[in-house]
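The data blocks that follow each hold one structure.
What follows is a pair of complexes built around chain A, which joins chain B in one and chain C in the other.
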Partner chain A sequence: MFSSFSSFYEKSRNKEIVAGLTLISIAVILNLVFGYFAMFFAFYLSFFKWDYIGEMQFVGLQNFEIVIRDLIRGLHGAPYLLVPFYTGLKNILLYTLIVVPIQTFLAIVLASFANQKIRGQQFFKVSYFLPATTSSVIVALIFIWLFMKNGYINYVLTHVIPGFEPVDWINNKDYLLFAIATVAIWGTSGHFMVSFLAAMQAIPREIYEAAMLDGAGPIRRFFFITIPMLRPMVVYVVVMGLIGALQMFDLAWIMAGANGGPGGAGYTVALDIYNEAFTRIRPGVAAAKSWFLFAIIFTTTYLFQKKYGRAMR
Partner chain B sequence: MKKVLAGGLLVFVLLLAVVAAGCIGGGEQTGTQTSATVTETKVKTETKVETQVQEKVFVRFAGWSAGETEMKNYEKMIKAFEEQNPNIGIKYEVITQMFHENILASYGAGVAPDVFYVDSAWAPIFIDKGALYPISDLADQSFIDQFYPFLLEPFMKDGKLYGLPKDWSMLALFYNKKLFEQAGLTRPPETWEELEEYAKIIADKTGKPGLAIYLGGFNRYVPVAVSNGAPKPWFEKPEDASWFDNPVVKETLTWYIDLYRKGKIERENQGLTPYVVQPSDVGAGWLGDAFGQQEVGMVISGNWMIPFLADQFPDFKYGEDWDIAPVPAGKEGRVTMVYTVILGINAKTEHPQEAWKFVKFLLGPEGQKELVVKGGQTLPSIKGFENDPDMWPQHKKTLSFKYDKMIVFLWGPKSGPIESKFSDAMAAAMRGEMSADEAIEVMKQVVQEELSS
Partner chain C sequence: MTPRERERLIRRIWIVITYAVLITFALVYLMPFIRSLVASFMTWAQASAYPPEWIPNPFTLENYQKLFRLDLFPRWIRNTALYAGLIVAGNVLFTSMAGYAFARLKFPGKDVIFSALLSLLMIPMFVTLVPNYIIMYKLGLIDNIFGLALLGIVNVSSIFLMRQYFTSLSNEIFEAARLDGCGPIKAFFYIALPLAKPALGAVAVYQFLGSWNAFIGPLIFLRSPENFTLPVGLSFAFQRSMWTEYTPIIAGSLVASAPTILLFLVLNRYLIRGIVITGGKG
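The block that comes next holds the complex of A and B.
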């Protein structure tokens, strides 16, 4: 195969095209098999009842009906254990509302600091980016330890804020989601900082110089030049952030556990899809739920792109 | 949008063209004389290798690991088996997490192992779907008769037996003798009321909580209910939710939930040492850890705790520092929970005879002597080892306890998912997020929903 391919390559007239296509074909094939095939198989699966061992059984829209009933019952206030999808969705929307704006804002702030010509800024760039290179499981485990009742975070807070009572962050349903969100923000804003830094360095210096001649101070320059020029990058970061936040699985899995921890406060849609497929053994329902999640992600990102993404051009 | 689609299509078509061209090119290449002979000899050697492989049959064996010792013991046994049976090779695969989920997914993908562990709680799912090979078709009755009959019951369906347990464990009360002495207690508690009383005395006298339990854990609560006269839980159809309407069930469940509410939450509100805790309250990962660190006076746990204590806390000695006693009795007798795992054979395996040979080797008297009795992880599932000199004294003691009922961990066809949801509801009630009655109502609805389809 390889020898025959190399002879084909030698004979071919346009070697660059052949080489290029061959190299990208690996990524394309992987994407076709694990991306598109999996997607369409999930769509197919969502109309079937299956238990992995026996035959698949066509059930029409029954799986989607299960999900919708779950949502309706959740809106009527059923206990969280009976409406897992609704619980996961509610949590993940709140989580997205917390995480995405803060991580975007923080990334811009960090990037503008890193963009200054200060001694040792390389050190800060690296240290902000480092979390992005660490496995999220390890990060979650470290933060569990920090968030413990007799852990470091409570220790600092009790010493900084007078009269502060230690909080059991992980085992309290009122704080669990915020604890997870904190970890997510810490872990991702450094990554997005690099995107912003690249965009900032692409802003022409002349614009700043012109503004300085007109007497604009650093703060005005930041708000009237940097931010508007960063707009396409902000859209990109927010869209990526939205997708990441709505699909969140790893942090919740480690910090809250497969069942979402106390009061189901850390339960997410992705966890529910996993549980549905492998604990309750209803892969069809899991597939239906993933299509719901897909629809939610698609509409939010589409609407956001439509509203802000094209304004520059 | 259209442009993107057209672009994608173009890439795809080009890709196919490249692959196709590669194949055609290959055909041209082999057309020459010399390389044709090369491929011919290649094919010949390949078929030779194939026939050699076919003589040796490979059996895939998947298990989880209860620690490194267990894995090493199995590897040793596999080596011994392969020496005795040169025509059978064993591929040992250890799946550390989400074991049954993994096995199910591998069925879906058509690559399930030939022999694998199945926990009693998951067995009905595998048996009902015809995923397990009926052991009774492979084994002699005399071989099956060596096993404890109550361990086989859950794996019977329509007169056929689908699995033989590799070992088993049961719940017992582990108590810290030093803390008992400090508290002035001379013997382990006999009844559930006494258990709570003892826990309180230990907390008051020693400053350490008397009892550690899990938040949730339906299987730990069942012996309380059944020993007080409730029937064994069995959930097969939605109407079986009525088990929870039994007044004994309600009363004992409320008592069990209140253990933590009264023992921990209320006590702390009064500024007193809690007498009932969960492992994380004392900085431990699980009951064994909390007990081994000597942070609590008593726990109710299974035989798997014994090798863990011996391994992790060598200074905390059985007999001198801690001891075991039967699970406390209720109004209607003494009941314990039994946990067991079978070695299942894949119904679709291509080599049922070879797989059975391997299973028989592991489960037979010699295999269990090596793996279970000497290994000391759990209890042997075949009779006759009760007085074996190699049996660990702790395990011998658990086997000597007299119980009125032993319940195998199995609540019907959907035990696994049901147990997990029940435990969540119980945990929520224990934390005080809902009342015991609300938790019972949720559990009833869980039964109705899980079993209605």
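The block that comes next holds the complex of A and C.
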């Protein structure tokens, strides 16, 4: 058996085909099962009512109807406990609107300051990047402590901002989402700063030299050379930021808890999908909600890329 | 003031502003780490004092001792190391194989299969999460670190990175090998793999960071506390309030992030160059 296979292999003119297919087989099989099969299974599942153990019961579009009802009731001002998907969606859109522009802007500003002939550039890069290498769970745990009512952040803010009154960030529904957004910005902007720095260092020096001869100062050079040349990287960073922010789970799970904390202020769509699948035991509804999330991510990133050019790959 | 002097003055002011901004932000980014490091040697009473105190008094190792007295904590470290090890080994071996085949060999359906794999990158993990849970459940692999690792041992972005690297190698060396009668598999192990060390290093480091820090996968696929990885274990310890004081959690967080921080401090040049190649962690 084995010898006939090996002789086939040795003699085959199609040695390369056999080798190629063999080398990709494991990657392809695992991705077929956990990628494609899972994806089609999620689609199938979204038409069924099930509790993981009993019979699967075909319910047509009922699971999608549940989600849409939730959204409509939410728009009519139903309390957050009754409309988990609407609450999650509202929060995550606000969160994305805060996090993505600020982290992109901060990353560009820091990168352009660091992109000069200065000592200690490596030190700054390392300091800014360090949060990105640390687990979001650990980051969130540390920040809960820093965000306490008599914690370090309130202490610093009362000294930096005149007239600032200490706030109970984690337990106040008006501030929780901002606290989570702050942690996210702190955690990812440094990573993107390094990306921008790399892109800036790839801009040819001659362009700057020509501009300097024409009398353009550092600020003019920044707006008329650096920013336009960085456009592909900006698109890439924004798209990556959107994908990450819209799926935010870890920070909310730790800082707000699985139920979204006070007033559901830290509830997200990802938390809702988790709860639907594993707390309320409605995998069909969870699958339907995950398609909604996919649609939201796909549309936002598609629209952004269409408007501002294709992301680099 | 001559124009030259003015220019020099502006440049000097500009340098001062640059340093002020960069140092302020370096402090902002580093402060949580410094603050936690100091607090991990304090008692909770002192760590929660307002205004904040900076010198541990009394200096105590109690927080770390509490962690390691708990049987679960060393177990979580072992589990995380096992999980990260499996993911790194799987990715280094299987994605380099696939990347080499996609870059260097000719076989039917190559381009279609490769773009089919790449398009999986667009699918949010939450879409496949519930089905994968059911698949794992049917396979009897829930609460099993090997089962969990199965989901991540061939990461599509690693395949992409490896393919890019193998495509960038020059043709001649592979042609010379072929003329010498070296088959495609042999060429992979004896020529391609040794040449691919930088790319393999990047894949290994990224997968290590990703799997060491992974949360949602371990949270869903692991059930019993003795099988948890560090991020899940720490969040569990925090939510069950195994400690009324917070300092052991801080100490635990530092222990849990020490390997990734050390790895980064040692390999930062290399890692940052990796970002430049891949354009981000994808």
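FYI, the second predicted complex is superposed on the first by the 272 of 313 C-alpha atoms of A that agree within 3 Å, B and C clash if a C-alpha of one lies under 4 Å from a C-alpha of the other, contacts with A are read in each partner's own complex, and residues count from 1 in each chain.
We adopt the following convention: a contact is a pair of C-beta atoms (placed from the backbone, for glycine too) under 8 Å apart; a residue touches a chain by one contact, two chains touch by 3 or more.
Computed from a prediction, not measured in an experiment: that's the story for all the values here.
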Touched partner set for A:Y52, first chain B, second chain C, both or neither: both
Chain B versus chain C as contact partner of A:T300, first or second or both or neither: neither
Touched partner set for A:W145, first chain B, second chain C, both or neither: second
Touched partner set for A:P79, first chain B, second chain C, both or neither: first
Chain B versus chain C as contact partner of A:T279, first or second or both or neither: first
Which superposed partner A:K173 touches (first chain B, second chain C, both, neither): first
Touched partner set for A:V28, first chain B, second chain C, both or neither: both
Partner chain(s) touched by A:G263 [first = chain B, second = chain C, both, neither]: first
Dominant toucher of chain A (residue count), chain B or chain C: C
Set of chain A residues, in rising order, touched by both chain B and chain C: 21-22, 24, 28, 52, 150, 278, 283
Touching residues on chain B, where the partner in the complex is chain A: 11-12, 14-15, 18-19, 21-22, 25-30, 98, 101, 104-105, 107-108, 125-126, 129-131, 280, 283, 416-417, 420-421, 424-425, 427-428, 431, 433-434, 438, 442, 445-446, 449-450
Interfacial residue positions of chain C with respect to chain A in the complex: 14-15, 18-19, 21-22, 25-26, 28-33, 35-36, 39, 47-48, 50-52, 94-95, 97-98, 100-102, 105-108, 110, 113, 116-117, 120, 122-135, 137, 150-151, 153-154, 156, 159, 183-185, 188, 209, 212-213, 215-216, 219-220, 230-232, 234-235, 238-239, 246, 249-250, 253, 256-257, 260-261, 263-265, 268-269, 272, 275-276, 279-282
Contact footprint of chain B on chain A as seen in their complex: 1, 3-5, 7-8, 11, 18, 21-22, 24-25, 28-29, 50-54, 79, 81-82, 150, 171, 173, 259, 262-264, 278-281, 283
Touching residues (chain side chain A, partner chain C) in the complex: 15-17, 19-24, 26-28, 30-31, 33-39, 41-42, 45, 52, 109-110, 113-114, 116, 118, 120, 122-131, 133-139, 141-143, 145-146, 148, 150-152, 155, 186, 190-192, 194-195, 198, 218, 233, 236-237, 240, 243, 247, 249-250, 253-254, 257, 270, 273-274, 277-278, 283, 286-287, 290-291, 293-294, 297-298, 312-313
